[in-house]
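Shared between the two complexes below is chain A, which has chain B as its partner in the first and chain C in the second.
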Partner chain A sequence: MSVLDVKDLTIHIGDTKSPAHAVDSVSLHIERGEVVALVGESGSGKTLTGLAIAGLLDPPLRRVGGEITLLGENLSALPESQLRRRRGDRLAMVFQDPMATLNPVLRIETQLVETIRAHRNVGRNAARDEALAMLDEVGITLPAQRLRAYPHELSGGMRQRVAIGAALINRPALLIADEPTTALDVTLQAQILALIDQYRRDHGTAVLWITHDLGVAAGFADRVLVMYAGQIVESGPCARVLQAPAHPYTAALLGAIPGSVPPGTPLATLPGQPPGLSPPPEGCRFRARCPRAAAACIAAPPQVATGEARTVRCFFPLVTPP
Partner chain B sequence: MNEPLFHARNISQSYVLANGWRQRRSTLQALDDVSLTLHAGESVGIVGESGSGKSTLARIIVGLLPPTAGERYWQGQRLPDGPHAGIQMVFQDAASALNPRARVTELIAEAPRIHGLITSGESDFVATQLNRVGLDPQLAQRYPHQLSGGQRARVGIARALAVKPQLLVCDEAVAALDVLIQAQILNLLQQLRRELGLTLLFISHDLGVVRHLCERVVVMHHGRIVETTSAGQLAGLPSSLFRS
Partner chain C sequence: MSGFMIRRLIQALLVLLTMSALVFVAVFAIGDPLALLVDPQADQHDIARVRRGLGLDQPWWVQYARFLGALVHGDLGRSFVHGEPAIRLVLERMPATLELAVAALLIALLVGVPLGLWVGLQPRSWSARLIDALSLLGFSLPTFWVGMMFIMLFGVWLGWLPTGGRGETTLWLGIPLSIGSLDGWRHLLLPALTLALFKCSLLLRLTASATREALRQDYVRFARARGLHPARIVFVHVFKNILIPIVTVSGLEFGSLIAFAVVTETVFAWPGMGKLLIEAIGQLDRPVVVAYLLVTVTLFVTINLAVDLLYALLDPRVRLRSRS
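Let's look at the complex of A and B:
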């Protein structure tokens, strides 16, 4: 059984007459101990997908279709009061800005102890010991001192470690991480990735890693899902997809990374911008920017398997099925 | 060798830290005796982790921050404290660097107007500047919040170039952008550098970007320049520098 199973998740933004189709029939699954990277540009719908799984969509965002199953339980049917019991317990989320997660006027200790006691019947002292152990586990030096600190007294990297510690403290089965390393420099980024990697090996946590950085996905994820304009356009084992992308959009993302061409020569870019989504364009959503677009692309391409556990949403993929 | 375009000599900067209410003050040495020479037309990268002093150095070079000690020289002449029209800066977060209450035309035209660089019509001037960074001149009447992230980054570059600087300092100018937009902006900077003969000082924590754009790379660590190397050699850097 998968830890997480999402079927045909569809999210609209705005009024019911002309909503933006921000996420369109996204399906994904994550197994125990697996890291899945959800990659896409700003506005591709990757963050909304993560928020929807955690049940954190507020108006004007609306989940208008789809089913989210966590450990065999249908989350999409649960009332908010029940969902609240699951968040921070079976599933947890880490965001880009740790200051948005941490309460600036409470000590780290108060916040971690509260998180434990909200979900489990643990005494105050036992919870404090657990919090201390967790700070140590996420690599915070002098954990006893940091426990008494306020968030503003910590560096950016340390705050993110605390936020990750708070997310992991009730041993969730699923961790949703939305760009948690984007604001950090490369050293800290590597440390945080190593930390999460070790944790999922030790505890079998399933991880959904949301990022715009294919480089991060490359070294870390088992599988990658590429989103464009609200749809998953390509999926598959990370190494295979990045080595031989099937969708022209994935290829464009890889070609735009410095280092893909000799220094000083122009990087490959795409013309134009992602399409508006209220309503989304007919047919293939990437067609207007695609170097391989042809007459057939006026119809919407289905998501098809190409072998090796890969799928692609394109009539003219760069990798042909075996 | 020719007179360098810019030279920073023995720059030091310390910040006073108050540890808390009525606690003893301590100082943080953000920059410790840093010297840097830039020749005309060069493209130099500064890399280092957070807190290594690279942004402080950038602010001192541009004149936004008077150093605790040290001097700046422009074509051999000592520069007084404060900004200089020949040195302009592109900031990391274009959204917060651009005045949200000013239209694009005002953002771009204000400084050159004061410097007396606008000789004919102002709208023509702004249109030329926007065209140069690949933006539609129709955007001149927009406010920053009406632009996309990539467009805002381009306005930030157009604003810096409007006073005809010779040295452009980019502090993490592409760090917040998606990879496709980042590629467009990097291509634009390369193209502008060729067309205008700009000297570029590019500060980044992304070694890939620096290797792509720069010929020479300066590595900073704990407020000091610990190594200067050609960009091609960057791959072989001791990795201990990037561990805290």
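Let's look at the complex of A and C:
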């Protein structure tokens, strides 16, 4: 049984007459101890997918279809009062900006202890001891001192460690990480990645890693899902996808990474912009920017398997099906 | 910390000095108090005697220098009209004004903040829209008009509440207060409501917008992602943050409540400092005007200092320290 199983998740933004189809029939699953990277550019719907799984969509965002199953339980059927008991307990989420994630007027201790006590009947002192142990586990030096500190007294990297500690303190089965390293410098990025990698090895936590950075996904994720204009266009084992992309969009993304071409050669750029999504274009959504587009692409391309547990949503994939 | 206090104290003294000089010159320029003080039948000789007696025969800078000299000894001069020490007249009236201002601030906070929180949390509900519209009304109606309407409605037509004076006062630590008796409460209610209406609307709108702002912050989303109870998110995570602007504005507005009490006190014949000031200005009773303003400025400075200290207490990011 997968830890997380998402089927045909569809999210609309705005009124019911002409909504933007921000996320369209996204399906994914994550196994115990597995890291899945959800990669895409801004506006591709990757963050909304993460928020929807955590049940954190607010109007004007609406989940209009799909089923989210966590540890065999259908989350999409639960009322908010029940969903709240799962959040921070069985599934946890950390966000991008460590400077804004923690409440500035509450001590670190308060924010950790309240997370424990929101889900488990633990005494104040026992919760405090747990919080202390957690800070130690996420690599905070002098944890007893930091526990009494306010967020502004910690550096950005330390704050992200604290936020991750607060998210993991009830030992969730699933961690949704929405670009938690984007706001940090490269050294800290590597440290945070190593921290989460070690944690999931120790605890078997499933991780959904949302990022726009293919480089981060490359060194860390087991599988990668590439999103474009609200759809997953390619999925497969990380190493295989990055080595030999099947979808023209993935190939274009890889071509735009500095270092992917010899020095002196200009980086490849994609002409045009992502399409508007209210309503989304007919057929393949990447059609207008795709170097391989042909007449057939006016119809919606099927999701085809290309072997090695890979799928691609394209009529003319770069990797031929077996 | 102590360096901070000392700097604030020096600032306050400079403000007081400048203000007293301005008022001294201004009242001097308005007119000659003797024209109002002395019997029109009095002869030139009598007038000159009174003028000398009050020290008004000297040029204004000499008068100001004398005033400052006396001030060092805690003497603010005697009222031209009453012959009593001006500062005593003002301080006698101060409890009435402070009582009115505190009552108005409490009403504004107890009504404005909860309603503002509701409007901020449920901006789409019809009740929030209604409250929001009413607060706009409360924001724009002039105080004196509201006071007169209250008197018409509750005093004259319905006859429920008295419309003037403080009613029966009781002594608390030697200070006469209206809130000690039912009769005093009945007298206090209308002027306090009148004075509170504007501040209540202000605090309501401030609380509502601060709440909306706080709800958009990442820390609220993260609190929800951790599965905290909605009540904890609102009353701890949001409220502790919006308390910072609420306390700041309340403190500053408390000073202006004391100042605006002048109008309300006049409308409701509330025997406070404001009413005394209006009378003193009418009679060009300079020592009383100066004493009133010195007391008011001192109150302002004290309140601002208290707000700064409270601010540092509420927001851990603010620490008051002196830089050398």
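Convention: the second predicted complex is superposed on the first by the 320 of 322 C-alpha atoms of A that agree within 3 Å, B and C clash if a C-alpha of one lies under 4 Å from a C-alpha of the other, contacts with A are read in each partner's own complex, and residues count from 1 in each chain.
Going forward, a contact is a pair of C-beta atoms (placed from the backbone, for glycine too) under 8 Å apart; a residue touches a chain by one contact, two chains touch by 3 or more.
Not measured: the values here are computed from a predicted model.
Once the two complexes are overlaid on the shared chain, A:106 sits against chain C while remaining clear of chain B.
Within the superposed three-chain model, A:244 lies out of touch with both chain B and chain C [touch as defined at top]. By the touch criterion defined above, A:57 lies against neither chain B nor chain C after alignment on the C-alpha atoms of chain A.
Once the two complexes are overlaid on the shared chain, A:253 sits against chain B while remaining clear of chain C. Of the two partner chains placed by the overlay, only chain B lies in contact with A:266; chain C stays clear of it. In the superposition on chain A, A:132 makes contact with neither chain B nor chain C.
Listing the residues of chain A that touch chain B in their complex gives 41-42, 155-157, 184-188, 212-215, 252-253, 255-259, 261, 263-264, 266-270, 273.
The part of chain B that touches chain A in the complex is made up of residues 49-51, 148-150, 178-184, 186-187, 190, 205-209, 211-213, 231-232, 242-244. Touching chain C in their complex are the following residues of chain A: 54, 56, 84-89, 92-95, 97, 100-106, 114-115, 118-119, 150, 152, 163, 166-167. Residue ranges of chain C in contact with chain A, taken from their complex: 217-219, 221-230, 232, 236-237, 240-241, 244, 314-317.
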